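Shared between the two complexes below is subunit A, which has subunit B as its partner in the first and subunit C in the second.
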Partner chain A sequence: MLALLFILFAGLAIGCGLAVVAQRNPLYSAISLIGVFISLACLYVMLAAPFIAAVQVIVYAGAIMVLVVFVIMLLNVEQEERGRARLKFLVPTAVALSAVLIAEVAFILVTVQEFRVNPSSAPSNVGLTHSIGAQLFTRYLLPFEITSILLLMAIVGAMTLARRGGLLSPNARIVPGAQVLPLSMVDPNAEPDDLRPVAANTSEEAARTLGITKRD
Partner chain B sequence: MEPQLSWYLALSAILFTIGVTGVIIKRNVIAMFMCIELMLNAVNLTFVAFASFFQDVTGQLFVFIVMTVAAAEAAVGLGIIIAIFRNRESLDVDEASILKL
Partner chain C sequence: MDTAIDIVLKLVAITVAFTVVLLIVAYTVLAERRVLGLIQGRLGPNRVGYGGILQPFADLLKFILKEDIVPDKSTRFIYFLAPVIATMAALMTMIVYPFGPEIAIPFTNITIPLTIARFDIGLLYVLGITSIGVYGIMLAGWSSNNKYSLMGGLRSSAQMISYELALGMSLIGVIMMAGTLDLGQVVENQSGWHGTHWYILFQPLGFVIYLIAAIAETNRVPFDLPEAETELVAGFHTEYSAMKFALFFLAEYINMFTVSMLATTLFFGGWNVPFLDLIFTRGTFIFGLVSALGFVFKICVFLFIYIWLRGTLPRFRFDQLMNFGWKILLPLALLNIFITATLIFFFPNL
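For the complex of A and B:
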């Protein structure tokens, strides 16, 4: 029964994984990747790791893939064009390397002695949230803290990379007590509904900041 | 018949191989990014399989940390992808061969 479930979910994972590589539209690749994540979460449940399975669905299939799909739709990625590769030897190289790896796996499966697990009849608490939390905050506290520093760096890095040019133009300066005006109030040429904020004390200063010459 | 440890290891190796193949042959940087995620998941499967068969919680903790690193990588990587797309109007890695945004 468990073997049948394993074969089902493993087949699903391999099929979706192949679809990730085979699809030309990145959005279809992303959806196939979500299939891989879900089937791996089912395998984690079979391996008595319910917490990891839940985190897999929430973090991977939820957060990360939503981010990826969001970026795909934001950038409006076109489909990959066919046959424009500059490095033509890459595909045969990849196929050969993967054939070698699969052959290694088959060799190991055939020749190596099966690892015998003594079936423990008593239900263990490995994989439950309680044991994971207890270990995470006692024995593995240092990796936990290092990971939090890494997350902080990722936040700052992502904000620095994703912002457009800079928050202020090179001419702009922050004036204490400055007034925020919509652009349409300073620039007579601007559209009436242009509501980009301008920080300045006077209209002249705002116009100078924006590099606008008055029309008269 | 119970699933053996070697089954899980074989599945993990196959998924990892698919990921490596995708990174090599794909040219869209988002698709390469997703193949890297596939490789990370293959390694996670190995960790969880060993943790379950050895009755040791350490492997699952490492999976937890790998997931955190993957989330950080996703945030920074997608930021870089957006910056590249803004400057080049393309997601082809062959055209982004100069390490300058």
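For the complex of A and C:
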């Protein structure tokens, strides 16, 4: 029964993984990647690690991939054209690297076959939420906190990049979904292709929001 | 052999639970139309069967028989996939909720739990599957090749990402008090004080945040911007017709049902009916039956609140929605976590 489920989900993961690379449409690739993540989560459940599985679905499939799909939809990325291959040296590199990967997998398979450990019959509670929490907040507290600080830095970095000083006046507000006006429509001195999102319904209102006084 | 029997039993349980839930959902639609009629001073559908009791089946028949129009330039595969994802994700969360305590079947000595599957990460499972449900709406908006659909899909995903945070954070207070993510255990913990030890008494702020965020998650009034008909025709399902539209419709109502179930399970004692253990012995069939009915009753109260809100509130503007989610709900949820942690530290036996 377990073997059957393993074959099912492993096959799904590999199939979706191939589709990620093979698809021309970026949205199809993204959906395939979601499929990979969910199949992996199912495999984690079978390996008695339900917490990791849930986190995998929530964080990767539910949050990160939503952002990826969101960006693809926003930018309206077109289907990739099969153009002239420019970086030709990548093909032999890829073949060599995949050969190394296959060799590694084969090595592990052989070693595992040689040193077979009898699985203990007692149910393991390593993958349960309680034991993971206890370990995270005692033994691995420092790495855990450092990771949070790393994430905080990323957030602060993104914020600084998004609102770099001087680009927008302090009373300007960016509203998601609001229209994007070329700045040249409100500011005669601006570059013609300067696109800046402004929450406004008319160009006059946008000029006011940006603090630009219109010169005639 | 035992596994085979187990699987068959689970399949039976799933079928029964889904049938019951889908029936309740079908009648929620009818109830919504009748209650809205009441609020707006009209009658609502009352012609099919006694007082409109057969209306859901008439609607279903209509949806099946209608012509199914697929837009010419849509992305076929994803267009078909989207309603399936939405409905599947909505239905899949159903399996972890405890519908009632363990009950003994009369005249036998078999006891069965009224839960389809019980595992360590029940709550995280619910949150994970809910976050998958966003794709149904996003992909529907994108694949229809219609600007109203796309805008609706984008709005909806932005809204759901934002409010998912507040929703998850508002639940942490309860999790800290319960000390587990297993929904069955959370309900067991609330059966103290003769079934009135509900977490709403200790987590009022968390509950309010949860209720608001849950309404936003299900795209209901006053947060129904993804399908704001005055701006976006019908939002992400503009191009959907017949049964595919019905699937989105169904998904929305199942989602309402499941968030009501989660609210009941976490804040209102799940199947605990106050002072029931003084009348019946725990573990008997009648105790289980009354408890399960109590659970359904509490859910129906939440469903009524949903309908009530729809009949009374106007819609948010999009920037108000974002400001409210990020600047008010999320900080309040964090404050709730902080307060709960402090209280647990000083009164560990609460």
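Please note the rule applied: the second predicted complex is superposed on the first by the 141 of 216 C-alpha atoms of A that agree within 3 Å, B and C clash if a C-alpha of one lies under 4 Å from a C-alpha of the other, contacts with A are read in each partner's own complex, and residues count from 1 in each chain.
Operating definition for what follows: a residue touches a chain if its C-beta (ideal position, glycine included) is under 8 Å from a C-beta of that chain, and two chains touch if they have at least 3 such contacts.
Since the model is a prediction, treat every value here as computed from it, not as a measurement.
Contacts for A:8 in the overlay, against subunit B (first) and subunit C (second): which applies, first, second, both or neither?
Neither: A:8 stays clear of subunit B and subunit C.
After the superposition on A, what does A:103 contact: first (subunit B), second (subunit C), both or neither?
The answer is neither, since A:103 touches no partner chain.
Just to be sure I read the superposition right, which of the two partners does A:21 touch: subunit B = first, subunit C = second, or both, or neither?
In the superposition, A:21 touches subunit B alone.
According to the stated criteria, A:66 is in contact with first (subunit B), second (subunit C), both, or neither; which is it?
In the superposition, A:66 touches subunit C alone.
Examine A:40 and indicate which partner it touches, taking first as subunit B and second as subunit C; both and neither are also allowed.
first
Where does A:31 make contact in the superposed view: on subunit B (first), on subunit C (second), on both, or on neither?
second
Return first, second, both or neither, reflecting whether A:155 touches subunit B, subunit C, both chains, or no partner chain.
first
Who wins on subunit A residues touched, subunit B or subunit C?
Residues of subunit A touched, subunit B against subunit C: more for B.
Please indicate which partner A:57 is in contact with in the superposed arrangement: first for subunit B, second for subunit C, both, or neither.
Only subunit C is touched by A:57; subunit B is not.
Go through the superposed model and pick first if A:74 touches only subunit B, second if only subunit C, both, or neither.
both
Shared contact residues on subunit A, subunit B side and subunit C side combined as an intersection?
Common to the two interfaces on subunit A: residues 51, 55, 63, 67, 74.
What residues of subunit C sit close enough to touch subunit A in their complex?
3, 75, 78, 119-121, 124-125, 127-132, 134-135, 138-139, 141-142, 150-151, 153-155, 157-158, 161, 164, 180-181, 318-319, 322
Within their complex, state which residues of subunit B touch subunit A.
1-11, 13-22, 24-28, 30-31, 33-35, 37-38, 41, 44-45, 48-49, 51-53, 55-58, 60-61, 63-65, 67-76, 78-83, 85-86, 91, 94, 101
Could you pull out which subunit A residues touch subunit C in their complex?
Subunit A reaches subunit C through residues 1, 27-28, 31, 34, 38, 41, 50-51, 53-55, 57-58, 61-63, 66-67, 69-70, 73-74, 128-130, 173, 175-178, 199.
Flag every residue of subunit A that touches subunit B in the complex, lowest number first.
2-3, 6, 10, 13-14, 17-18, 20-21, 26, 29-30, 33, 36-37, 40, 43-44, 46-49, 51-52, 55-56, 59-60, 63-64, 67-68, 71-72, 74-75, 77, 80, 85-87, 90-91, 93-95, 97-98, 101-102, 104-105, 108-109, 112, 114-115, 117, 120, 124, 126-127, 131-132, 135-136, 140, 143-144, 147, 150-151, 153-155, 157-162, 164
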